């Protein structure tokens, strides 16, 4: 699987967009501008982008509470997303969803999900729909290491297997579920190993390595497109922020985040590799960086200027007569 | 693990008691004497007895909808059971439970269960209680091949593993969940294999072979008693009757049941082996057979003669003031 | 005379006609074909009650047996609904909602609202309710009140073959998640059902019997006990209006309130447990919007606040029946307020 | 003056005192210690709201962090309760009942009855309810009506620190499964709480404010909005009696009915969705046993029949508040029946 230079640059742009989006959300949340529960994806960008680069809008993904990265990687509009986080009428969900419920069904983005383990069953359904439609589409469930312990996830692995569904389960093992270490909560040798116990081809990759994720995801997705059934992909990676915005992170090691930022930054790694090999000029990355920064700044400003929902919106989008 | 002759005879007696209990229930149900949903254990006796022979009343078991065999193997009173199936006041649950809810907490029998997958979480709890009490007791969950697909079961395997609980998951793979073949519903190579994916020691044994079950269960239970954590034991066996009483069983192969009765009868196998080796005189088994037949006949007669619950019983054993 | 078929046949026919009409419909559930992977007959069961029997022969792999993984397959139906199919999923007994409730409560019910109207979830969950077959505490519950409590779900509780067919077709064509409750005691009930396809709209209760003295509001199997009670009471000169809700969400408030305006006296008959229930829901409606017409306390005839007992006679005591309904109607009809006493004198 | 602590501290103290008293108590839940297996601080969280913080230091492995496997660990708590322990389990948000409801609905709630009284299940499930913190549709529900519907469960809904402590201790000592609902907006509320151990009995509502004109029946956080409303109304010369249910199952019917006997006018205030709810439950009680005293329609002030929206102003609109309660009380107090009109003249 070879990436063209344009594809690589596009992947970098998406990863940078996620990073910048999250950094700005972090600031706005700290400033009290964004309400509710917010979980940032910064540090994990290579996974979402490495997987979603293989997908078209006819393919589906279901996400988690930590959903911004998956949305952006799937092509969801960042203005709509930012406005949604601010709860504005112009948000993707009209301000009724917020960070944990960003969705764009038209783009095959089935929603972030406030319920850990909520997505995998839904993805079995999307994969079933894809299979019946017969156009070679696939569906991807993103699951955390914590979510990998939920019964719904296990059931879905088995269902996808026995129905031979074009489903891919991408486990983002960032080492923690809230404050609990994956080494404590996952009894198996690895989550991939557990997947193999269910009869799924399963591999573990370094989730900081965009190219590694890209390649492993490509294989799993191609297998699914060929009608050869589901796979599990365990990406080992790290989150740069706390579980949610506001988390003091005392459960982490001293300097853990600092050293992650220095040594395990998937963006840095991708750009360094690409510039070291001479494939991309550093200036090109720098140009993307400023474009993206401007774009995200604009989303924040636009969101702040956007109108609140109308009072009547409380009663729309649901059957109500009482 | 060597069984003494007395132990072997006692095991045979229990197996025969289960068989005879089920045969009589089958007749009484067909005659319209027993109401409700009834699932018979006939054919699977070696499993319940092979496992429970290792247990004392301080050890716990949780059973399934097909629970009569587990009850008898755990020492539950057959008169109380039969009366319960008939819904009588003298039944173990005062007639309020029926076949699917026979329980005797005093004997560590935590109940048959009408919910597939209901038992494994409960067993994690009983195992936790045993662990905290520190007397080397264990808890055993019986699960069907169908129940092995329930999310609650998977979660329990992981929980038992990470908490290093003295829990044993005995999967009774009788090839069917209702009319659905295990070969269809279980995506993994085997249920034992799936258990290993969760990090549990797991073996598959011939569930018609009492001695094989006895031995494998003994190892798992001893491991748990020593504080070395949970295991999974997959017993491959067969049920002689339909899924429930009334099942026409058209999904089964022609003569499937007939040939099972001839070739895969765990009772026959045990008695033949024991008599062939000269360890037990056939007359001893014959004597047990008639004792057991008389006993079970008596349970039926006693149940029929027993009183119905009183109207007031409707409102007892639960908080009610409205 | 019109054609008579059973409640069960009516459901089968609705599924059949809709599947023929719309390719996107698939049916998922445990043994809804039956015999998957087994050596014997395929389509061996058609579901545990045989309701879907025969459809596999016509529609092949549009019906799929599932493992006992309710979260996964109910969730799959929901996910498929959000991405282009129109699944009908069978959750064998409504008691099993416990192992898959999240997908209904937090996924299906919430999508449309929380995604700002950008999602449709046309899924139907067929499930069995009801006591009366000695199936004991875990297979006899009537849990529709819990689903009715949840915004975003529609809840259907047919009492007869005609409604079963018409409401199921309506459910399948609806773009919201619908929970379709089938009372296990009704499957063999026969009734007139047109052969052609038709729908019964949501939110329209049926007045199954007119009467000006007391209003009986009820649903599902209890419609029949209520009608029986009304017949007994007619002998005594008491005319009951019996209202069959047909759907609990949406609820036809008007039909209830209009009837109460006439009668001023209400008995609600609900087989389920009493607290926070459909019975209290109707009673509260009447106590609010219907208060000015009320001439007597609202009486609820329900199961007691206990699980369902196994024993036959206890279970019979547990369930509301015509006798209990008769007693309740008499009580409210004999009730004299200061106001009614005054107006009579 | 008595000692003041927060609602959250009251819960922590109740757990602490009971754990010291009874070895059999264990606490299970996600991050109820926090930091299991992690390199940093142990007891890092004490639960997502810090409620159990500090207990690990005293009681060590009697507190156990769990994986995100609610069915397994809630079920384990239930199984342990049936075999000799007295577990308190934290289900982070009550919205997550969907992934573990079977163990509550069909196991814990049913054991005692369906085993003919031969089982006890002394388990407490602590869980968070309530809207108001912009947590959106899946983290803001108040689902106590579903649990109240289920026979075999007891349901506790404290509104203040004193009750939180006394009711939690009572819950832990009770031999039935208890669902203990903590409103997330109350954790920081301060109030007088004795240092020593004490219990508040189940099934005894509290009259938090006396008044003869209108009865307001309410629970949890809404007690405070109701009190606020009562204060506003007092300015207008309307005296409200505010009743805090404290437990919804068992329910203190007498206190409600006695109050209605005095006032004849009732407003029920419940933050949850309106259908088949605690609001309808109380309304139905009053429409039945309280009917003879009723002088006006029973008004329910509840959330609308929609999921909880994320946006601040929509969420504020969603929740009942003092203004809405004031309006409802005015409405029922101004209502004139033929009877009351007549009796005045």
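Labels for the chains are A, B, C and D, by order of writing; each one numbers its residues from 1.
Here is the rule we use: contacts are C-beta pairs under 8 Å (C-beta built on N, C-alpha and C of every residue); 3 or more make two chains touch, one makes a residue touch a chain.
As the structure is a computational prediction, the values presented were derived from the model and not from experiment.
Ranked by distance of CA centroids from chain C, the top chain is A.
Averaged C-alpha coordinates put the centre of chain A at 36 Å from the centre of chain D. For the pair chain C and chain D, the distance between mean C-alpha positions equals 30 Å.
Separating the centre of chain A from that of chain C, both taken as means of CA atoms, is a distance of 40 Å. Multi-chain contact residues, meaning those touching two or more other chains, occur in chain B at positions 93, 95-97, 101, 113-115, 117, 149-152, 155, 158, 162, 184-186, 318-322.
Within chain C, residues 66-67, 69, 71-72, 95-96, 98-99, 102-103, 106, 110, 113-114, 136-138, 151-152, 249, 251, 275, 304-307, 309-310 each touch two or more of the remaining chains. Chain contacts in this assembly form a complete graph, since each chain touches every other chain. Chain C meets chain D in the complex at residues 71, 95-99, 101-106, 109-110, 113-114, 136-138, 145-146, 148-152, 249, 251, 272-273, 275-281, 283-289, 291-292, 294, 296-300, 304-307, 309-310, 337-339. Looking at the complex, you find that chain A touches chain D at residues 35-37, 87-88, 93, 95-98, 100-101, 113-117, 146-147, 149-152, 176-186, 249-254, 256, 308-309, 311, 313-315, 318-322.
Residues 26, 64, 66-67, 69, 71-85, 87, 102-103, 106-107, 110-119, 151-152, 154, 176, 203, 249-251, 253 of chain D are the ones touching chain B in the complex.
Those residues of chain B that touch chain A in the shared complex are 149-155, 157-158, 161-162, 184-189, 193-200. Residues 60, 62, 91-97, 101, 103-106, 108, 110-111, 113-115, 117-118, 120-126, 128-130, 132-133, 139, 151-152, 155-156, 158-159, 162-163, 316-322 of chain B are the ones that touch chain D when the two sit in their complex.
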